[in-house]
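Okay, so subunit A shows up in both of these, paired with subunit B first and subunit C after.
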Partner chain A sequence: MMYLSAANSWAITRKLYVYKLHALIGTFTSLVFVQLLALALSLGGSSHSSYGLGDFSVTVDSYSTINIFGFTLIWVFFTAITVHYKSYRDAEYSFVTNRLTSHLSNVAFLLTASAVGGLTVPLLGTLLKLIIYWTTPDTELVMSHFTQSPIELLVGMFVTALAASLLSSLGYVVGTLVQMNKLWILILSGLFLTLLSREHKNGILTSMVKFYSGETSLAFFSLKIVITAVILYTFAILISYRMEVRR
Partner chain B sequence: MNVIECRQLSKVYVRKQALSDLSFSIREHTITGLIGRNGAGKTTLLKLIAGFYRPTSGEVSVFSERPFNSLKVSQNMIYVDDQMALPTTMNLQEILTMTGRFYPFFDRGLADRLLDYFSIHVRAHHQDLSKGLRSTFNMILGLAARCPLTILDEPTTGMDVAVRKDFYRALLKEYLAHPRTIIISSHLLQELDHMLEDVVLIDQGKLRLHLPIDELKQYAVGIVGHPEQLEPLLAGREVFHQDLVSTSRSLVIVRNDGYIHEAAVRHGLEIVPISAEDICVYMTKQTKGRIDDVFIRSE
Partner chain C sequence: MSFTLFGLLVLVGGAFFLRMIILRFWSANSRMMRHLFVTYIGILLMSVAVSYAIPTGGSSDTSHQAYIDAELAAHEVRQSFFEGRLPESKHLIERERWSFRYEEERINIRTKDDSRPAFVLIEKKPLTDDMIHVTYYTTPYVINDYDYTHQVHPPEVMLVEDTIYMVSNNHSKERLRFKRFEQEYYVTPFLSSEMINIRGIAHARGEHLVYIEAPQHVEIIADDQVILEYAGH
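Our next item is the complex of A and B:
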């Protein structure tokens, strides 16, 4: 006599999450490459200016971690699209899943990826400073932002991780739409390019970014992002709930 | 107890009616052969049962539950075909470990012994295996998972004859030791008819037959004789196929109603047995004329 085993959504979601960490390990390798590239670009400095005053001349080089931050966000956005690739999503249907557990384990994986991105960006920022410190011995370093307290570092990690999870939820919606119909690639990229070309000082994209980046309270910043991400992830789950498994 | 029940089940794709109005049920602990020509709708039916597809109309229930999006069905069912998607980043050993985490009855020892027997290297990657070995590995997964419902969609694709024979034997042994409900689709009934209990025959999306294999083997007989002699015998009987064997002799495949033997003997006609596979072929004939007719013009 064979008995049916009871299915537990949380237990299956946990198993799928572990499976996805295995199967998508390559995305973390690509994060390393993306961040090293960004680090290399940052070493060139973000601005360079020279002033002459009689016999003296002053050269100011500014460095910024904005590249590393930006590249990491782009990485997490595309990772959120990658989890929809056929080779990853069909394999889980060879094991045990349904639409809900599949989505929940994807979200758990993407939040992990966002956390990894969040942790690494401020650390790479520190590495960037150390490299500049070692390689330019005769230079006066402006120390105002050079040293960071552990609290500042932690806040940096937290904020970056939140920003990454926002981008992951956006990428996830895009990936879900594209998985349902390839036409969305054209529609969404067309929409984005149109908005970008018409962008001005108070354009839609700028005000969308400002809605989050302009927030000075950490609590409100977190709240805004958590609410947005929850809405976007839920939207993705709802629109694909009746989708069939094509393999 | 019925494991699978279909009621007026239909599936329509954008341009094609794949299944129409299928009603049948499959009992617990049986091996059912799903037989049909290419494009008859076998895979569509199996994917509806597996919960991958949503019915257009009608109903399918598996373990008394609608399979689409059902975690319970997913956990108690494994669907094996030659296109089974498995993670490309893992080797076979890791895939087996992962499968064991998901399927509670999975027997790792059996999987390892079968891999060893078929000389499949555990460190190989699924996508690097040859077509036949890939099917063999998928079959090993399907057997070792010991799911209460095991769906095998054309499982022997690409396997050579020796492996196919071993596969059927392994399947039968597994089934006897650990009874479960198995559906195996194929267009080669001949190979499996010794192990099947029931046969579901579908043709152009419609159910033609659902019979125990022993009844199917008796379902029709062939009668050979002069066309004029045959004619009175055929009146009122269901004829599946008629063909000239020589200038004066015809072969007729006719439904076996229990009296046909006696009647044929009385008319002095010869009776030839028809295999279950041939019965299925004649019942699902959709070609026009004979293949020989295609070549007449060029001769």
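Our next item is the complex of A and C:
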């Protein structure tokens, strides 16, 4: 009996996941829009350096995918929050579902969104390089780092997907809390802005970022992200059990 | 992490804008949306294939060897100059050569570039034709692995009465602009040591050397911006 119940839960979760992939295709279209916006902002260069002495000066414009990376993380964060929206949740009750299957399908959908985000950032970085290459005279272009090796591309995709999954789990917790009580919007915004305003070299936010970004082992980096994401998703699922069946 | 009111406004405004975009597309569920996304992925994948087809002229070598060579050459030029000899570096480039007939006993050398001193190496030769030969050398100008020496104009050297002037060849300030690509910072820590390169800009500004062959009897007087050395001394 337990076995059958568990099997049914997985089957429902899978159906819900597939349903969400089709129903929420607009999410991925919004990713396209967000990334193209980031691409447009990246065309101005991510940093500029100047060297000058007397009659001679050299300015170097540097291009990177930092904007695309950042925008994609913000996109997945907001996607994780909006997955809780009521109009959408109502639709999934056409399935025979419970809160756990709903959560699991959401998590699977968000991990898919993170993977898609991770896949597209390095690829879009290549498109950015091509645009710069085609719009710049040869005499002004420094070609080092133009071509990324397949390993660099794969590592870039993997790391971006992991970072996106971390942000999605954080967004999912925020969305769950806000779903419980709208007051959490004020509390979390206030907490974030307070931390941001008091941030310094060894501040909480900086330390949190360094905890992940300071890691040089891909295995440990992955482990840190996976453990954090599991904790955050579990936390979101547990707190939502305190809510009414349909809220 | 710096915090300003403007930064906060941009952050909050950006967040609301992104939320609006996501919600705008959220309810959209059409075949067109699906095609748009698939086309987007297709274009991205094609861009990678195209990027591998573009010849990088060897400049995609990210070891920055050209920069290292240029810095070593500049060091060698300074060292050789103060030892009174012309450097033998293969990276020393002869850019320009001038010859003047001069029959006086004394000659002045002046530079109109006050940004850095001019290294002038004098070789006294028992020339019989009263000619002074001036050769302008430079080591490479390099950004990462891109050599832009050919874009930097050598100075104009002219003889006016009893003075050799070295004047910048640009009537206005020489401004060069380059574009480069950064190695992604979120990838760099995880690559093996062989693949990690200098992320910053490696810029080598070429060292200049003016080599003058003058008749034995001509006395040479330099201004403050000129550092004179005599070959073989």
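Everything below uses one rule, namely that the second predicted complex is superposed on the first by the 220 of 247 C-alpha atoms of A that agree within 3 Å, B and C clash if a C-alpha of one lies under 4 Å from a C-alpha of the other, contacts with A are read in each partner's own complex, and residues count from 1 in each chain.
Please note the rule applied: a residue touches a chain if its C-beta (ideal position, glycine included) is under 8 Å from a C-beta of that chain, and two chains touch if they have at least 3 such contacts.
Since this is a predicted model, take the numbers as computed values, not measurements.
In the superposition on chain A, contact is made by A:Leu153 with subunit C only, not with subunit B. Legend: residue contacts after superposition of the two complexes on their common chain; A:Ser9 is shown touching subunit B, with no touch to subunit C.
Legend: residue contacts after superposition of the two complexes on their common chain; A:His22 is shown touching both subunit B and subunit C. Within the superposed three-chain model, A:Gly203 lies in touch with subunit C and out of touch with subunit B [touch as defined at top]. Looking at the shared chain after the overlay, A:Ala115 reaches neither subunit B nor subunit C.
The wider contact with subunit A, measured as residues touched, comes from C rather than the other of subunit B and subunit C. Residue contacts after overlaying the shared chain place A:Thr101 against subunit B, while subunit C stays out of touching range.
When both complexes are overlaid on chain A, the residue A:Ile132 reaches subunit C alone and has no touch with subunit B. Once both structures are placed on chain A, subunit A residues 22-26, 87-88 are touched by subunit B and, in the other complex, by subunit C. If you check the complex, the residues on subunit A that touch subunit B are 1-7, 9, 12, 15, 18-19, 22-26, 86-88, 90-91, 93-101, 241-242, 244-247. For subunit B in complex with subunit A, the residues that touch the partner chain are 29, 47, 51-54, 63, 68-72, 74-76, 79, 83-90, 94, 98-99, 101-105, 141, 146, 148, 178-180. Subunit A makes touch with subunit C in their complex at residues 22-34, 45-47, 49, 51, 53-66, 69, 71, 74-75, 78-79, 81-82, 85, 87-88, 119-120, 122-127, 129-130, 132-133, 136, 139-149, 151-153, 155-156, 159-160, 163, 193, 196-197, 199-200, 203, 205-206, 213, 215-218, 221. For subunit C in complex with subunit A, the touching residues are 1, 3, 8, 14-15, 18-19, 21-29, 33-34, 36-37, 40-41, 43-45, 47-48, 50-52, 54, 56-57, 59-62, 64, 113-116, 143-146, 148, 151-152, 168, 170, 173-187, 189-191, 195, 197, 201, 203, 205.
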